[in-house]
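Structures incoming, each one as structure tokens.
Two complexes are shown next, each including chain A; its partner changes from chain B in the first to chain C in the second.
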Partner chain A sequence: MVETGRADGRNPNQLRPFSCTRNPLNRAHGSARWSQGDTVVLAAVYGPKPGTRKGENPEKASIEVVWKPKTGQIGRQEKEYEMTLKRTLQNICLLTVHPNTTTSIVLQVVDDDGSTLQLTSFVSAAVAISCGVMENGAVILDTSKAEEKQQLKSFADLVFPNSCKSVGLKEPKQKDEQIERGLITSITHGVMSEDDYFNCIERGLAASSRISEFMRNTMQKDASEAA
Partner chain B sequence: MAAEPAAAASGGIAGEMEVEAYRRLFPLAFLERHLAESVRPDARRLSEARPTTVGIGVVSSAHGSALVRLGETAMLASIKLEVMSPPAESPDEGSVAVEFHMPPICSPLVRPGRPAVAAPVISKALEDVLVSSGMLNLKELCLISGKASWLAYLDIYCLNADGSLFDAALFSSVAAFKHLEIPLVSVGDDGRVFTVGGIEGKTKFELVNREKRKLTLGNIPYSLTCALHKDSVLADPNSEEESIIETSVTIVVDSSDRLVSVQKLGGAVASMGTIKECISLAKERRRMLLEILTGSFETTEVDQTE
Partner chain C sequence: MAMEHLRWRPTVNERDFIESALQSDLRVDGRRSFDFRRLDISFGRGCVFVEWVVIIDVVAVSFREDGSSEVQLGETRVMGYVTAQLVPPYRDRPNEGTLAIFTEFSPMADPAFEPGRPGESAIELGRVIDRGLRESRAVDMESLCVVAGKYVWSVRVDLHILDNGGNLIDAANIAALAALSTFRRPECTVGGEDGQQVTVHDAEVRDPIPLTIHHLPIAVTFAYFGEGNIVVVDPTYKEEAVMGGRMTATVNSNGDVCAIQKAGGEGVMSSVIMQCLRIASVKAADVTSKIRTAVEKYATEKALKKVKRLPASMSQKTNAPDVTMVDKGDDKLGSQSVETLSDVQQISKDPSVVIEANDHEDAKPMITESSTEVKTTSSSGAAVESDEAQEIRSPKSLKDAIKPKHKRKKRKDNRS
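Let's look at the complex of A and B:
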């Protein structure tokens, strides 16, 4: 199960390089374009717009997520991603600040080389408010599409929270406290043993701190540019 | 429920209030007061699932069917087999097409023009679990290698949506596959495969498959959904609990203690301890479900005449 030599030469714990472009779309209220290796996602946020859709609670802000795949029609996979991201964001955002409004987030997959859900969890959190980190773990981290399709017996998509939940970017960076980090999202594919699963979670947690570092740096730069 | 006076909510409404009104106006507070006593509004313990029953062979025109009741949630799974030519990549395998339907009958929130948000998500999760669990050996669905194989249409209809839809849907699919009887077929002069029925048919035609066969099911997956609220884990939530508590995790285990699936779609952060607790609850539930499943098949086999 452990692939010592990965197709692109990475070691088991190595993540693909990140990059981001802030506000590439000038008509959207907020946008970001992130890439992790060959996976590229473009996110745009529109809102808050007045009124909520039928069935949503008018005392809170409602979040609408639209996922657009790179190719093909919108199917069940896309609906699952939309529901996951909506629930993740609902728990991250303070919904009572703008009651009876709808904020729409549109995610366009520009290039798909695996780990799109993780990247979009990351992207939408960066664009919406803050503090969402994603990770991916099998026995290797950050799988590419080829690895997902052929080589892995099973893999898990995992989303972890950032350790520091502060929105105040002007404050000095807080030291990471030793609080127990939990799990926001878990979607497993294939059968795995309980030990393997918790192994994935541990490795994912360890690596996610690197990503949250990157994110914090990006947003601090953003805030200082805006100031 | 008798109208008993209840203490005022922290919102400041003093005085007595009917229980039902309190339940509608302050659903979260209502639930939390129960959880403080380690009980749920329907008097269940936190880790207790609702009474589950399964009825086999409820749709006589289908090749396999099962009706599962999980508390008030009712799911009907039915399987119809159709002969088709297998794809080139897998000439000796059949295939399964899974579709999960939430017709308007199941819930007041579902309307003809407003399909349920959960339906495609559950449909996809069901298909993934059924395929990855290894329960079905697709080679058993082959008739003539390269020429003909079975396509099993598994349709699951939610008849009443009262929470834990995935659990009930998976259990009904498993029961339907267990009940499935592959019909006898024969090859006609034009080379087409057709189904043959009755005792007369058995002797008249050259049969491709000897006797009406049952599928051998490998590792059967069993699922349990738990709602997570602060420190409490509520096993098998009903729709009222699901609407109040938005965070839930669905664990699917098979008979050899492997995790077939751990689905937690967003929601609040859950600690590792909570996930471990859910997994152990799922394993206990598996034991109960296995008993219910084998129990229902024993009773129906006694009634059947061959």
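Let's look at the complex of A and C:
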């Protein structure tokens, strides 16, 4: 696919290189720094703290998300991100384990080169991919800021759950075979055809398995070191 | 929901322990009374270097993120970010730019910090840094004027406190200075028929210009214990909770006092204050040199990276980073950080296609028994077609970092 040459030389199915640092902060109960290409996000988690906010269901744990942009006032865009993440995380976490508590997650954008919303889902052990539809109809993965601004007709932010791989299984399971992996969150910007959208979902699914593999390796390393 | 119960209060035992240790001139983390904690300054994307194996085409890397710094002073971590905008100036200063400092006490730094309106300590911090920078005329405002009376550059410094390990003022000040030192504003020319039209040039067209900084005002914070008799520099979070009073002196390396802040607390004798100011100017010289070294190193790396490499005719994966070990000065912990520099020799001789990478942060040994940092890197993995090799490197011991360097250096000498 040489025609759809992207600015940084990637082919349409290529993700930017990603890396992760765990527990860089001392005061926070848990923290992670995740970078994908030039986008870097730092996340910290505190909790569970006693009590829920007004209006939240006391039978379940509630999650509070604070998104801090790199500069400028907190506006509607940040509030939207917070709300999206909160809903995504509520789906993933087992909320009945700690009823009437609040877990707060604070996200700081350290560097923004597109796909920031996706990176912040890393904390929650879900995998998010940003897919874009270019002018000529090709679908590209993991959009950078320049691409998002200029070239894309539309793009979709998708969040997929982690691929299931149980530890106890002896026989090697085919990746994603016979496992229904649904879509947790999907936010689209711009106009795209249905086919394009489903195309995005498929590509995103494939890419997300890569990322979740990486995450699993990271956490296994951590667990074996802690042991 | 009040977060009061989340603010950490020292127990009686802890308070007694810290105070009685100080009576014998011992600090809980093993430092001497007038020692700063270890200072790490990193810039923009200086923390994470990624390895790219690009076989087909060359990618020119441009550092777009100027003016972004991250400072770690012991356990305290602060991020500074500088941006600039063209705005009309204040009416009483038509030919001067403006400088504004915004501090964010992020809730990630401390569970007691709440998002939203800044508390007193946040405002105090902002004011102290502002006084030190603006009123001492550290940054030249007149050079920020583009068209007098109509357009000036308004520089905005955002300081995000990421981790509260004590002594936020000093760390935030260093972050602001580091960010301002590496910030580049776009060049603009005035033209048009009436000489009023300003064209701002893109970074690709004309190199952006650095700010003119006359001197670096360094804040040094002192904590007083035991009715003003015992003084320590750079208090940790626990020491701050136990201290009787605090004073911040902003001094530059010329020995000028730019600002002093002592807001209440215990009464301290004036002779002690004078002694503190003398200590502060010594410390300021030390910190200034650290900041300058870090800024220069970053500037060199950037300049080297800007050199465009030709496409590889042999299309081999060549990877020859020049790994240098940098020893941080008065380093109690004794851990070193490994940094990567692009290879200067490679540029002229070998048109190789490499954008360097290495893990910057090794697993740092921390004094406290808290969690260690582990870094895992992965190069790009194609989702559908896996063209590239996926490397997952975990930080090994420093020995592994040293070995490749020695090997490669020999090869290079043979070639030249």
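What we mean here is this: the second predicted complex is superposed on the first by the 196 of 227 C-alpha atoms of A that agree within 3 Å, B and C clash if a C-alpha of one lies under 4 Å from a C-alpha of the other, contacts with A are read in each partner's own complex, and residues count from 1 in each chain.
Just so it is clear, a residue touches a chain if its C-beta (ideal position, glycine included) is under 8 Å from a C-beta of that chain, and two chains touch if they have at least 3 such contacts.
Remember, predicted model here, so these are calculated numbers, not experimental data.
S.K.: Do chain B and chain C fit side by side on chain A in the superposed arrangement, or is it a clash?
M.R.: fit
S.K.: Using the touch definition from the top, say if A:L42 reaches chain B (first), chain C (second), both or neither.
M.R.: Once the two structures are laid over each other on A, A:L42 reaches chain C alone.
S.K.: When the two structures are overlaid on chain A, which partner does A:T71 contact: first (chain B), second (chain C), both, or neither?
M.R.: After superposing on A, A:T71 lies in contact with chain C but is clear of chain B.
S.K.: May I ask you to decide whether A:A206 touches chain B, chain C, both, or neither, giving the answer as first, second, both or neither?
M.R.: second
S.K.: Which partner chains sit in contact with A:N11 here, chain B, chain C, both or neither? Use first/second/both/neither.
M.R.: So A:N11 only meets chain C here.
S.K.: Which chain, chain B or chain C, is in touch with more residues of chain A?
M.R.: Between chain B and chain C, C touches the greater number of residues in chain A.
S.K.: Just to be sure I read the superposition right, which of the two partners does A:V106 touch: chain B = first, chain C = second, or both, or neither?
M.R.: A:V106 sits against chain C, while chain B stays out of touch.
S.K.: If you stack the two complexes on chain A, which partner ends up touching A:Q220: first (chain B), second (chain C), both, or neither?
M.R.: neither
S.K.: Which of the two partners, first being chain B and second being chain C, lies in contact with A:N57: first, second, both, or neither?
M.R.: neither
S.K.: Pick out the closest CA atoms of chain B and chain C after fitting on chain A and give their distance in Å.
M.R.: Nearest C-alpha pair, chain B versus chain C: 12 Å apart.
S.K.: Going by the contact rule at the top, pick out the chain A residues touching chain B in the complex.
M.R.: Going by the criterion above, the answer is residues 54-55, 75-77, 79-80, 83-91, 154, 156, 159, 161, 180, 182-194, 197-198, 201.
S.K.: For a test of understanding, state which residues of chain C touch chain A in their complex under the given definition.
M.R.: 1, 6, 44-45, 47-48, 50-52, 54, 56-59, 64-65, 68, 70, 75, 77, 79, 81, 83, 102, 104, 106-111, 115, 156, 158, 160, 162-165, 237, 361, 366, 368, 370-385, 387-388, 392, 394
S.K.: Write out the stretch or stretches of chain B touching chain A in their complex.
M.R.: Per the stated touch rule, the residues are 109, 114, 117-118, 120-121, 123-125, 128, 132-134, 219, 246-247, 249, 254, 257-272, 274-275, 279.
S.K.: With touch defined as at the start, can you tell me which chain A residues reach chain C in the complex?
M.R.: These residues of chain A touch chain C: 8-11, 13-28, 31, 35, 37-38, 40, 42-44, 46, 49, 51, 53, 66, 68, 70-71, 102, 104, 106, 108, 110-111, 141, 203, 206-207, 210, 214, 217-218, 221-222, 225.
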